[in-house]
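Take this structure first; my questions come after.
In order of appearance the chains are A, B and C, and numbering begins at 1 in each one.
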Amino acid sequence: MGTYVVRRVLGMIPMMFLITVFVFLIMHAAPGNAFDAIMNPAIKDIEQLKQQLEHNAGLDKPLWWQYVHWLGLFVTGNWGFSFNHHVPVTQLIGPAIRNTLILGILAEVLTIAVGVPFGIVQARNPYGKFDYTSNVVLFCLYSVPFFVFAIFMIYFFAIDLQWFPAQGSTGTGPGAGSIGDHLYHALLPALSLALVNSTVYSRYTRGSMLDVSRKDYVRTARAKGLDEGRVFTKHVFRNGMIPIVTQFGLDFGSLVGGLIITEGIFQYQGMGQLVIDAVNGRDYNVIMATTVLIAFGVLIGNLLADILYAVVDPRIRYD
Amino acid sequence: MSANTATATETQAQPRGRVSKSPTRLAFERFMYNKAAVVSVIVLLLIIFISIGAPLFTHLDPTHQYLMETDAPPGGVHVLGTDKNGFDLFSRDLYGGRNDLLIGFVDTIIVMAIGILLGGLAGYYGGWVDSLIMRFCDFMLNFPFLLLIIVLTSIFNSSGVWLLIVVIAIVFWPPTTRLVRGLFLNLRESEFVLAAKMAGAGPWRIMFRHMLPNIMGTIVVNATFTMANLIASEAALAVIGFGVQPPNPSWGNVLYDALDYFTLKGEPWVWLPPAALLTITILCINFIGDGLRDAFDPSFEK
Amino acid sequence: MSENLLEVRNLKKYFPITAGLLRRTVGHVKAVDDVSFTVRTGETLGIVGESGCGKSTTGRMIMRVLEPTSGEIVFDGQDITKLRGKELRAVRPKFQMVFQDPYASLNPKMGIEEIIAEPLIVNGVNRKQATERVIHLLERVGLRADDRNRYPHEFSGGQRQRIGIARALALNPKLIVADEAVSALDVSIQSQILNLMMDLKKEFNLSYIFISHNLAVVRHISDRVGVMYLGHMVELADKRSLYADPRHPYTEALLSAAPEPKRQGRRERIILQGDVPSPANPPKGCPFHTRCPKVMDICKVERPALKQVAPNHLVACHLYN
């Protein structure tokens, strides 16, 4: 187990390296550079000034030098300056990560809190009327794109009923910035992400529970007279949850994708919104920092899911 | 006359009794019994028809801005009104389907082609070929795909659909490749593959004549679900402004232009139709995939 | 009749076991460890042993679908151990295989004609001739010519095995390796298939290597029998000699455990203690010494070689030194 974790962590290093190379190359391939975006074309001797600036920034050096230089700065936490917000990138990213974590965790908690119990209820009475109807309903819900849900959410709960704010991550006034305020703003976007995802969890939970309840050891447990509740908690539930953990790991990448879109729709000031704004404003330093950080986030998330899986499933030996 | 006699003798040579049906034929018959799937095929064909045949239903140009008639309510020349930029909504909803479906179909084909080729090679040969392809897959899977699309499409600023198609394909091939690799790996040691090797068949013949037909069912099912996913993903991108770029219409970018308080509250005809079309299209494709999965289920055969 | 069709010399197959951070190879599973034998033209060599003794691995190496770790396979005077790609495909027609699982060995998506004709088509026979050959083969293995238009799922296990045999015969091979070819079938069907194989052997001038865990089946079909234990060939003798007078303690134990209808001199049932050791960590010396009722000191140190103890009777055991 220890060796497994160490190997997985070491395995991440080349991946992280590749990600930084990749991001650097994409940015390098971008037409124009940061100076084109910010310089006033009316300046006299613009070409000379530009060359001077480019020379100072090292843009006339070979590509590998620029990469190493950038990587060195990046690793030491020097992520440059946002041209659009006129503050260091680090200052923008702190609150953005916090907001995205609030939204992401809330969405995932809601997904599991809705999806897993529902799947269990289905699996307790399989192939019945409720099971059949709810399966059809879940399948239809699953086919609704989550951003369509988001739009309906905004329409009903924010515009019509005015229960929740339609956008933003914090409000104004005395309560602004409190935990309650954050959750209040995150709830609607989190719900729109969670509803569709929870149908996936319901399907997996139902299937997994049914698989397990057909196993011989469960039949044995019933045969020896254990009551149904004990059979379920002691045998079916524990073993049935293992594939759910795998599902959680597989979902991590798409959860991040969903977060970016949701933040865009709700104008929620997290990492996603930061990326979208940065791309629209050609704010290169912000794009590079956020892209690398999000990719690292996915990598670490997958690692945690794998380790969690190893912990939950005692059958798998990692040496 | 002579042709007639020839057919007559041939018919006689055929075995009497029941007709032999190939496994594919049996799967098709099972699919036709699935009502939801068959209805979905019909509805999807209808949506394809109104998208491709859009000029039959409207003579308005979806890319033209009627600047004097912005935010017009439904009725008159503009059947579904116009949006805040003066685009005619009815024609955009119809023509928009062309781009969504085009991206869905073409990208599914590209993704499947890459997946079958790379996944097949990895699964069949194993060893370093497998390691190389799978490490590359891992890398692509770990890279947040939406981010990549956002960055690439905005850097190579272009309103064409084809760049988007290429970028989406680059991002979506890894899961399919993994799946196909797993399927090939399962079959690699199977006895009929060994038998083909013993017969002297080369790697390509074994991969495409023996292994591929046996996993085609799973691949086709995966392809339908992938298509639904691709269409949804393009629309999701468009909803935050990075999908098909206006004035080129797509269901997603019609939604993008509806995302303001005023439009959402007072003009449901702007956002309801594209949202409904998208949802129905994805629902139909998923139902078809579900029907195919049941049809190909090999547990029936044993 | 006495000419050697196949010579297997010092054949080994080690599967590496990896562990640790760098996936270093820390050991090997010695599936087949130094096995040598010959198959004469026209004879049937049976190979028996428990599951995991390496008999299937041996069969697959001879058929060149599994790469040997070391050793030599000389077939019909030609060393085929190192052949690859096209060269290998050129000699493949001469040796074919009949598989264990009649359900897994036929491609479910192919029609019967395609399945049997494949070896012919791949080797450049034209369609028309291939079809004629398929019809001939089908009739020869006891099926109807019409059956070529049907699919595997329409046949029973025994019929499928007949199809598998027809496919193996398509290229007129000299040697057929049958790996547990009747184990998956009902007992009543088993004898039909065995008899069919014996008839075909005469008609097509075949030699067989018949691999099975079933002593009665091997006895029925074989001329000579080899006994394998933990990757080693422990005894190799004429059928009569082996069944009447087993020399190796392991063979004795095996035979005493097998139910036999017409047992003459009553044998005492020998019950072996313990389990088969792991091939990843085989015992030093004789592989059988951990369970051998007649174990001696030397058995724990030195591995006995396969030696002739009677005419056409080879044993690897220190008892006969």
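Some notes on this structure:
By definition in this document, a residue touches a chain if its C-beta (ideal position, glycine included) is under 8 Å from a C-beta of that chain, and two chains touch if they have at least 3 such contacts.
Treat the numbers as computed from the prediction; the structure is a model and nothing was measured.
A centroid comparison over C-alpha atoms places C as the chain most distant from subunit B.
The central chain of the assembly on a C-alpha centroid basis is B.
Look at where the CA atoms of subunit B average out and do the same for subunit C: the two points lie 48 Å apart.
Here the CA centre of subunit A is 55 Å from the CA centre of subunit C. Taking each chain's centre as the average of its CA atoms, subunit A and subunit B sit 25 Å apart.
Of all residues in subunit B, those touching subunit C in their complex are 15, 20-24, 190-192, 194-202, 205, 210, 213-214, 216, 298, 301-302.
Residues of subunit B that touch subunit A in their complex: 138-139, 141-147, 150-152, 154-157, 228, 232-233, 235-237, 239-242, 255, 258-259, 261, 264-265, 271, 275, 278-279, 282-283, 286-287, 290. Chain contact summary for the complex, subunit C toward subunit B: residues 60, 63, 65, 89, 92-93, 96-97, 99-101, 103-111, 118-119, 122-123, 146, 149-151, 153-154, 164, 167-168, 170-171. Within the complex, the subunit A residues that touch subunit B are 15, 18-19, 22, 26, 29-31, 139-140, 142-148, 151, 154-155, 159-160, 166, 253, 256-257, 260-261, 264-265, 275-276, 279-280, 287, 291, 294-295, 298-299, 302.
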